[in-house]
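Comments concern the structure below.
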Amino acid sequence: MKLKSFSFSKLCTILIFVFLYAPIFVLIANSFNASKSRTVWTGFTLDWYSKLFNNETILTSLANSLLVALVAAVCATVLGTLAAIGIYNMKPITRRAVMSVTNLPNINPEIVTGVSLMLLFVGLNIEFGFTTLILSHIVFCVPYVILNVMPKLRQMNVSLCEAAMDLGCNQLQVFRKVIIPEITPGIITGFLMAFTYSIDDFVISYFTYGAKAQTLSITIFSMTRRKVSPEVNALSAIIFVVVLVILLIINILDIRKHKKEARR
Amino acid sequence: MKKIFALLMLTVLLASLVPCVSAVESGWEIDYSDSVDWNKFRDQGVTLNVYNWGEYISVDDGEEGAFDVNAAFEELTGIDVVYSNFASNEELYAKLKMGGSQYDIIIPSDYMISRMINEGMLNKLNYDNIPNFAYTNPQFVNPDYDPTNEYSVPYLWGIVGIIYNTTLVDAEDDVHTWDILWNEKYANNILMFSNSRDTFGIALKRLGNSFNTTDEEAIRAAAQSLIEQKPIVQAYVMDEIFDKMIGGEAALAPYYAGDAITMMADNPDLAFAVPAGGTNVFVDAMCIPKTAKNQEAAELYINFMCETLVALKNAEYVGYATPHTEAFTYLDEETQTSVTYPDDEILAISEAYIALPDATTALLDGLWTDILSTGESSPWVTPVFIVVCLALTFAINAFKRQKKKKTNF
Amino acid sequence: MNKHAKLAAFPYLLWMAVFIIVPLALIVVFAFTTTVTVDADGNILTAEEITEVQDAFYEEYGEDADIAELGLSEKTVFTLQNILDVSKYMNTLLNSIWLALIATVICLVLAYPVAYFISRLHFTKQKMMLMLAMLPMWMNFLLRTYAWMTILERNGLLNRLFALVGLGPFEMINTQGAVVLGMVYNYLPFMILPLYSVMTKIDSRTIEAAQDLGANRLTVIGRVVLPLSVPGISSGITMVFVPAVSTFIISRMLGGGTNMLIGDLIDLQFLGNAYNPNLGAAMSLVLMVFILLCMSITNSIDNEETEVSML
């Protein structure tokens, strides 16, 4: 009986993975296609890869994306970690109120968050550019950091802090030597999530970007209106392979660690 | 910890790619006119934000004789050009009106220029800095949209017509009329503009009105005919048309003559027809919006665009008609006599858009939203939706009650 | 820890006020106001009246006169008109909700067996499979959607495939079906993830116990797995439905602009072809209220917070 049920869900899983990867294979195949047309295969070429490294527009926007994501993720991590510690120490009622406001940017449809930030920046008379892009990315990144740090704080043993105090630590030392090491895993996960979401974002960037600060998503968007140049396919193929390799390595390391622990 | 290392590695790896970008060189040795001091802004860290239509400037596409206008300008003047695209006049207007964006040079069409002049969104130009304006064909000086020619320098012009796929359209059907876009035989084979002015223009002309009518009844009738047309329209597009027409995805579409020529070069099955009932003639001109930071550098750019070679290269690449008298003489004869430069007969039946009164513009924008949003969603969608909502809520509550019972046990 | 730790949240509270509360308040303000033109005496002029006054002015002082001397100015006033106007587009909103609902149900049906399958695998395989399910999310979603255009077009890959066996061509792109497909494709991983994370916590021994007590397969799924996975279902539904209902790119790319969703209409009012930020804000407000209502419904299903991690 067990086997039977598994074969059904296995079939489903295989079909769905085909569905998930079909467009990606189309993309990667097109990055090797000599023809500029998306549907006709005229021969194998590596031209798009060499052209990619001379395509200023694509590389600049890639650099912009990385820059924005890095700055936004770092700021969001600092802001979010401090916030989580503060919120954790609040009265339950205040805590609940602050947390529900915190979740708003991510509960709200992205388009509403984007539009509302656009109205804010127009109201404050800030020119659209890196500033607005980074600020808006921090807005939707902070909740991820807080959501990841909070549970670690909850898991932390309160007597640890008290013990440190008793042993003569001042508050700053408690913060640095006790709290931070305890919640580091949460901070790292939060940072990585913030970074990923920032790189991936299109909708909010669409409403807050300026001419000088076009991210990869924005550049691709203006391309999809006419024709996506095959160089972008080449870039995404590279990114795909890099991410695949990194995730594989992480997974293998994780599995090894797990096995080692299991053996103990 | 390992995760973060891996990610940092990725970042470093990707970031290391970036410095490989060398400044793109135009690869051309050219003598530019010496009427202005091209080096005036060199090494001052000046940046110009240019906001133009998609595919509306000569770039290096790897073809022989390709000329990258922006790269050449950067090389000549030492000014950085930040170049970005919009898809329609209305989009450009929204972006500027919303505020927060600081473009130095924009290239709207005629009617949008007069609307922007009326709303005080443009700066007056100092024509002393644009001596190349003298090359402008007198036909395009002091145009209706800028009667005293204080705000704009014409860039390119053209007419609207119907581009069609000869293998998909019956030879017997008359393509020289807007009516064909309403022919149900071509259901799901028709593309339309996705901007209000061009779409309404076609509907108005088809019903025998002027493009610039302010008669509410005529406009509402046009909106009604567009709603009737919607079921047979495959998609509302702007730049997406290139991909779709070249790929043979649709049979008929109204579009700009210059782009039609570009598409015909990529797909020999395509042809272009000008409706006998009259069409639109438009001019796109370079302007400097109020938000511009460096007016003089922007004027330098405009002057550069009017250099004979630059104007020629742009006209050749984009395929639109140039108002530049010198550049025109260098074009090959085939182009000079092609549909890009329509004869007097066509021009006689062509009409330009002019700025409409605010009330009419608001009416058009509202009706345009209505046209796009009246979906084919049948009326039973609403009751079904309500029933589903109620059912879900009930199910949730029932489930919760059951759960509670269980825990109470 | 002590009371002073609370202060650590101070910068964030300030941040929250400026970047979360004020922007949302701005949406409300925009939704309930409109910009009108008033003359020197403060009377509100209709668009027709403005044209009249301007024409009269030019007639009197000539075409070259400076219109600023007319003394017209702009003023922001309270109005309910924007909200009332939104009801004209209720059809589009309902259509968006309808399509998003279909997409969510399809996602649930597709993701459920996958999540179940993955969660019953050996630990090492679980990690791998989950990673493979999330990997497509790392590709830019515009590019993935664009690739679907290549597949679905009239002369696209799928129709070429059909042609080989003598079928078609089918009209697949620029239909509502294509829009739903785009939603399902883009948001399916958001459904798999929360489902997996609750299912992996179901102890195999629970299932075995049910089987030993004589439950057949359907009973096991219906009485054991399903009830235990409700929190995952509810957060999966939210994570798919909210982005699906408000999307504006998927419908534009795969729906060809003839199948507008509420997101497209909002975009149209702000950065599109029908500039009217007040109406756009009103639409956003309606959408926001609707989503918050939905959230309160799904939240009531599971009281415990399920935490979902992307990596």
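By letter and in written order, the chains are A, B and C; residue numbering begins at 1 in each of them.
Just so we're on the same page, contacts are C-beta pairs under 8 Å (C-beta built on N, C-alpha and C of every residue); 3 or more make two chains touch, one makes a residue touch a chain.
The structure displayed is predicted, hence computed values, not measured ones.
Going by CA means, which chain is nearest the middle of everything shown?
Smallest offset from the overall C-alpha mean is found for C.
Determine, using the mean of C-alpha atoms as each chain's centre, which chain is farthest from subunit C.
Farthest chain from subunit C, going by C-alpha centroids: B.
List the centre-to-centre spacing of subunit A and subunit B in whole Å, with centres computed as mean CA coordinates.
Using C-alpha averages as centres, the distance is 33 Å.
Can you give the whole-Å distance between the Cα centres of subunit B and subunit C?
Centre separation, subunit B to subunit C: 28 Å.
Using mean CA coordinates as chain centres, what's the gap between subunit A and subunit C in Å?
Each chain reduced to its C-alpha mean, subunit A and subunit C end up 18 Å apart.
Using the touch definition from the top, which residues of subunit C touch two or more other chains?
Each of 153, 155, 270-271, 277, 311 in subunit C touches at least two other chains.
Would you pick out the residues of subunit B that each touch at least 2 other chains?
Only 3, 98, 247 qualify.
Going by the touch rule set out above, which residues of subunit A reach two or more other chains?
In subunit A, the residues touching two or more other chains are 38-39, 118, 189, 192, 239, 243.
With touch defined as at the start, can you tell me which subunit B residues reach subunit C in the complex?
Interface residues on subunit B, with respect to subunit C: 3, 88, 90-91, 93-95, 97-98, 118, 147-148, 188, 194-196, 230, 233-237, 247-249, 357-359, 362, 365-366, 368-370, 372-375, 377, 381-382, 384-385, 388, 392-393, 396, 399-400, 403.
Please output the residues of subunit A touching subunit C within their complex, sorted ascending.
1, 4-6, 8-10, 12-13, 16-17, 19-24, 26-27, 30, 38-39, 79-80, 82-83, 85-90, 98, 101-102, 104-105, 107-113, 115-120, 123, 135, 138-139, 142, 147-148, 151, 158, 161, 171, 174, 179, 189, 192-193, 196-197, 200, 202-203, 206-207, 216-217, 220-221, 224, 228, 232-233, 236, 239-240, 243-244, 247-248, 251, 254-255, 258
In the complex of these two chains, what residues of subunit A are touching subunit B?
Residues 37-39, 51, 53-54, 56, 59-60, 62-63, 66, 70, 118, 121-122, 125-128, 132, 188-189, 191-192, 195, 210-212, 214, 222, 225-227, 239, 242-243, 246, 249-250, 253 of subunit A touch subunit B in their complex.
Would you mind writing out the residues of subunit B in touch with subunit A in their complex?
Going through subunit B, the ones touching subunit A are 1-4, 6-7, 9-11, 13-15, 17-18, 20-24, 47, 49, 51, 54-55, 62, 82, 84-85, 87, 98-103, 238-240, 242-243, 247.
Hey, which residues of subunit C end up touching subunit B in the complex?
46-48, 50-51, 63-64, 67, 88-89, 91-92, 94-95, 97-98, 101, 153-155, 171, 174, 227, 230, 256-260, 264-265, 268-277, 297, 300-301, 311
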